[in-house]
């Protein structure tokens, strides 16, 4: 279907997306946006898996299933994360990551 | 340029644009919506690649589930109009540098590598094949991860519940001994 | 059971026994019994060893026992003794015995004190009986670590600092040692053989010379730190000064000897080629040690510091002798170890006893003690005279043997080094007499001293044991030197085969 | 697939069943009865642990996704014992009113993470590895954030979760590259196809950092201290011992099998990381006054030592790593156990509070001292042997200078371990922690540790046993 | 074993006395300890005389050379393959002669001390030390080899130390003891190094082998050279340094005057008659080696001896402490002996100096012991050492006076007293060797006569001082030794030394050379006359002389400031400029480095805390940077 689009285009996109996600993780002050950055990262990984599967190794569905599992993991991660974030909001009345420095040295 | 190409660049463009917007927008709710767009665009690419099942999952679980969860929590924890505090410029610059370097190195490496496609005949990722693989326990079957992920989901559920559970007796017990007095560790 | 294993078993049993005691009286009793048995056992060992040798047993090690411990790494529990180890064991037996009696009145946490002390002794005994580098290292560390508690808990002055410094420096030494030992292990046999930690096995082959060059400094300095090699000796003055009496005794008397013994048994014995090549560096360092320690001692005011610096000087002489690498010097090194062990233990015992009475160790705060505590005074003078190498005491024998051994080298470098080392005998006399003069002679400086009591029975027992040891060796050294001499044969043979290009 | 083959997964199956049983029983208990969960859970877990010791043939099932052999089974047993001790040690904490309503959840989450680890170390492909890793992390994050009223706890939870998400993102990206360059997610297939080309090295590095995060190697360790300090103490010990041990184990396995062709490259990398880890970990640990934080940093330094075993890339290396992990579990749990016992009774966890502890609580102090010595690698306790063998395997690769640096670091670590000893034995205090009695569970837990610390070293059969199961490149 | 085996008892009896008395010190009441010691030494003395009789008379075949006999020998220690330390007893003319000297003087002192030390605290201790000294000294003279000699040399040193410091509560006494010990120890360093060189050059310690004129030791003299002299010469010079230390040769003499802080009998025994001549004995012992192997060394001996004798005599002129005067006189006389050895040749008539030296040693022991014991009796009477507090004592102390006068005449070389004979031989020997040395000795002879009679007149003549109580003659137990020694002083000159003690064992004929003797008598008489003139009655002449030669007088009085130089060297240089910097270096540099390393670690530890900020995004940043860095390094750089 889109065989004429080079593999590398996908890879560049996913890599960029991956590092954008990391950038977001490193700069967003809000815990939820950090979580969203994580989702970006995972999503870029998924693209990688899917694209590799499709373009290089279409005989088996390894990448496909890997993506599937990653989505599920992402969901459970998000669930727990949000639970904790809400907990934090209860305690701090804020979810700014900068407030989370009670422990340092 | 075929329609497919156009579609691809459209999706690719939207993925990149919205990704950037997600991590830069100062309104959290908007970020969430941009993220939704990214995820939907990704699903579009999956569709284009003919991985319909995966695309569907992407839409339902990711876009439908996670984003909704996130939006709920945003609504719970902040005002809609509230603008997010921006990280200091220094932090932004350094992070940008590090990530840019990382991206450059990674892309460079990718481009250097000569990927060799497998010569074996392709398997279509239709529901039949996917379903079969999910329950087959031989080589290239995914029954085990499929089972294990259920434990993970259960555990996450229990974990989330346990964390979210309000403790009635604690609300009243002001004299509860604090195991970690907050000032004790600021050394 | 193998007699050598008993040397480890008895202290362990003693420790176990102390665990069941309730107060000072009981725990010191158990310790005294245990260590008396140990002393007797040492005497028996000497006797058995001599008889065995006279019966014509020419094996390099006697009473050997070998049990495979970690088969995968070929680690054995291998024990065996030659004349040198027998001598060191006897020394340890005497010093530990005296140490127990010197701490007869250790009121504070007495059980713990005796346990730590005897654990230390266990390590030392274990070290001397080991033939396997691994167990040797194990026992070495066992011996070092109780030191921390002993100084830290029961010490005086800046005890935490001293204890920490001592422990860390010695452990730093064991870092070097670890590299050395592992290196030796991996080159213990020619390519493809079963690697071994056994000293005797390793000695059969030559470690590749490049490896020796790399490993020798590690091993030698590693042991050298324990033997107070300049400039790694600074743990010693502080450590001794802060340690309680018995600990100083054991430490200076026995533990520091681990350094000399190890340098000899491991560094030189297993890597003679590199030793020959690199000896000159360490000869310079040890010559400095010898003179430097003595000069350092002149200036000190604290009795323990004086003795600590004197130990630096004397132990420097041990390493100096070891590096001379001939039969006479080796013999001298061993005798010096024993001699210094006894003398310095005696010194520290006396210092502890004097300190217990006057509550000061500063010599300028004391004076005229000979009149009030004549017994301790006389013994102090004896110790001093022994320390400055008076004939009739062990120090003389040791020093002379070392000097003659060292002078046996015909080249100018060795001879100049020897003369530098010889000159220490004058400096030693200076500081010893300075102490004796200020401390014991002259009028009594403080009227509180008039009410001091002379030594108790246990103090007498402790000191007299050591004095007997010192004089016995000093008067009749032949048996000892012959015992050592015989055991040096394998090493001398090994050294004789060493051919170095361009040397 | 026959039933017998399924039984190869007996650990995971039993633990899953146990988790389910816990949930079901919990539903039938009212608030007052929750404490009954403690003996039930520990009893069940004990059964699982014991069953683990029944010998079992080597098996590979699910087409290679899951495999088990003697070594893996041994590792699972080690983890089981560790968790058992942690369960014993957490009893008094669980009984406190704040937690008594959540006892079964605690056990449930702990057991699920253990299931994750079991899957992880049994994994035969990267998918299971990843899944196990996540299963071993996400519930722990929930556990770390377990104490609601404590803000630090929540903070620890979110820090753990976010950092680990980042790291597993990177790890996943690495796996995707591995997949992209080899076309498989199975270890056996990949191992045959893996060579030293930039993409694959890059993929390996991404993967390695993800694992390094779990083992908390420098510079991927920064989450450790905060999380360890904030989390409930039993979770801290769980993280520092069980998680770390399992991750280190699978890392060694993967490096020895899948990435064996990269050995020349990763040896240098490990050299660098090991030096950094030991040094930085020590430098941080030196100044810590909070015992949990202190142990956190010390465990970072310990992780650096583990890397030494990998450098040998031989049978001895693997044996020494597993052996070290085993010894380390007992030593560290001994230390954590004492800290936990004291914290549970008095709420004190600063080193200054330990002044004069020996005079009031001699047994705890002795155990603490033994643990410290074991961690520092001082004979005759087991830690000495553990460290010694790690050094030996590094030396077998010719890394003498690294051994030297490592032993110097061990010396530095001795410094701060001795600080604890000093506090307990030497320092005087006007207000020492009063003499107290711990409950029976804690005592059993502590005694198990003491036993392990003493016996494991001298009992050479343990090492031999491991050695017979190990393999090298 | 041979017929001399019993000689083993000679040193061993005092040794066991030492052990017994020393250990049972507290239990021995009254004079018991002293009596035991005296009896023990009496036996040893008897055995010594028996040995002398046996060796010189019964066992000697007339006309043959005296041979040396090893009475006893055991191996004490194996040093190297060749070198073995033996302990044994060597009987030959000089050892037998020394045996007589040592045992006689020691026995006299033992008896004398029964009176002199009466009532002292630690009376038994005194006797145990005396016995220890006797043991060591006897062991020294009987040594069969150089190393044994060194062993006993050290023991002698320590017993001297103990005896000088007998009044240990007096700081001056102890510091004198310390000084004596350290100075001689310093000299022994030379001795030891000399032994090292000698033994490795010759391959033996044994005297019999060493001194064999045809043996390997001497023939190997041409061995390796160092700084222009052969190694053997260096060895001999260094050994002489050891001897010079014990014998208080310039510049190692400074301990001797201070050593007078010890009890007077001790001074008589150790610092006049026996120990201080050990240096002479040492050179005499090795004389063939010196004479044949290292003439240069022998020359050094001669010049040092000559200079010391003059130097000490000049100092003795002005001292006021009677014991110090005697001490300097001792130095001067030992200088004579050294000189005599130094000018001697080997064998027959050539060896006159050797014979003369031993002869003088013998006579000097008698009269110097007598002088000291006499001085002791005086001090006993007036409780002071200072000449200015004495005067007119001849009427209170008649026996002491008489014996003292005899001794003075003897030392002044007036015939027919023994000193005349021995000194004459020395002068002859010097005359034949070197005229300058000879001249010096003439001068010294005159000075000796002068200062001895200055001493004599100051004590016994002049008017009475204010004594605390009327001085009275010493008890019999003290005067009898005086009389015996006076007898010895008078008559020992008649002994036929040139037949008994010669360099090669063979006797030779010797007669008094009046060409030399007469002027020497004259010089002696002049010296006495001047002294009489100045000191017999109190007058202003001494003060006038002192004023005329004020510089010389002050230098002499202050002993040429040698003590100050030593003090400067020890206190300033060693203590302040070596020890203090070493201690400082140790504390601050060596220790400082170690602490510095520790501090550096702590410093680092504090300075990396920014890394652990508690901010999870920074953690992430470090994480990502770490990944990037690893990628950069291991993918692209390596």
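Going by the order they are written in, the chains are A, B, C, D and E; count residues from 1 in each one.
Throughout what follows, a contact is a pair of C-beta atoms (placed from the backbone, for glycine too) under 8 Å apart; a residue touches a chain by one contact, two chains touch by 3 or more.
Computed from a prediction, not measured in an experiment: that's the story for all the values here.
Connectivity of the assembly in the absence of subunit A: the other chains, held in place, remain one touching piece.
Chains A-B form the pair with the most C-beta pairs in contact. Nearest to the overall CA centre, using the mean of each chain's CA atoms, is chain C. Most remote chain with respect to subunit B, judged by CA-atom centres, is E. Among the other chains, the CA centroid farthest from that of subunit A is the one of E. A separation of 42 Å divides the Cα centre of subunit C from that of subunit D. Averaged C-alpha coordinates give centres for subunit A and subunit B that are 4 Å from one another. Centroids of subunit A and subunit D (each the mean of its C-alpha atoms) stand 27 Å apart.
Centroids built from CA atoms put subunit E at 77 Å from subunit D.
For subunit A, the set of residues that touch two or more other chains comprises 18, 21-22, 25-27, 34-35, 56-57, 60, 62, 65, 69, 73, 76-77, 80, 83-85, 87, 98, 100, 102-105. Multi-chain contact residues of subunit C, defined as those touching 2 or more other chains: 168.
Residue positions 609, 612, 614, 616-617, 620-621, 624-625, 627, 631, 635-636 of subunit E each touch two or more of the other chains. The set of touching chain pairs reads A-B, A-D, A-E, B-D, B-E, C-D, C-E, D-E, using the touch definition from the header.
Every residue of subunit A that touches subunit B in the complex is listed here, in rising order: 1-2, 4-5, 7-13, 15-24, 26-30, 32-33, 35-37, 39-40, 43, 46-47, 50-51, 54-62, 64-65, 67-69, 71-80, 82-87, 89, 95-96, 98, 102-103, 105.
For subunit B in complex with subunit A, the residues that touch the partner chain are 2, 4-5, 7-8, 12, 15-16, 19-20, 22-24, 28, 31-32, 35, 38-39, 42, 45-46, 48-51, 54, 57-58, 61-62, 65-66, 69-70, 73-74, 76-78, 84-87, 91-92, 95-96, 98-100, 102-103, 106-107, 110-111, 115-118, 120-123, 125, 129-130, 133-134, 140, 142, 145, 149, 152-153, 155-157, 159-161, 163-164, 182, 185-187.
Touching subunit E in their complex are the following residues of subunit B: 87, 91, 94-95, 98-99, 101-102, 105-106, 109. Chain contact summary for the complex, subunit C toward subunit D: residues 69-73, 75, 134, 137-139, 141-142, 145, 148-149, 152-153, 159-160, 163-164, 167-168, 171-172, 174-176, 178-179, 182-183, 185-186, 214, 218. The touching residues of subunit D, when paired with subunit C in their complex, are 316, 319, 373, 378-380, 384, 388-389, 391-392, 395-396, 398, 400-401, 403-404, 407-408, 410-411, 414-415, 418, 421-422, 425-426, 460, 463-464, 467.
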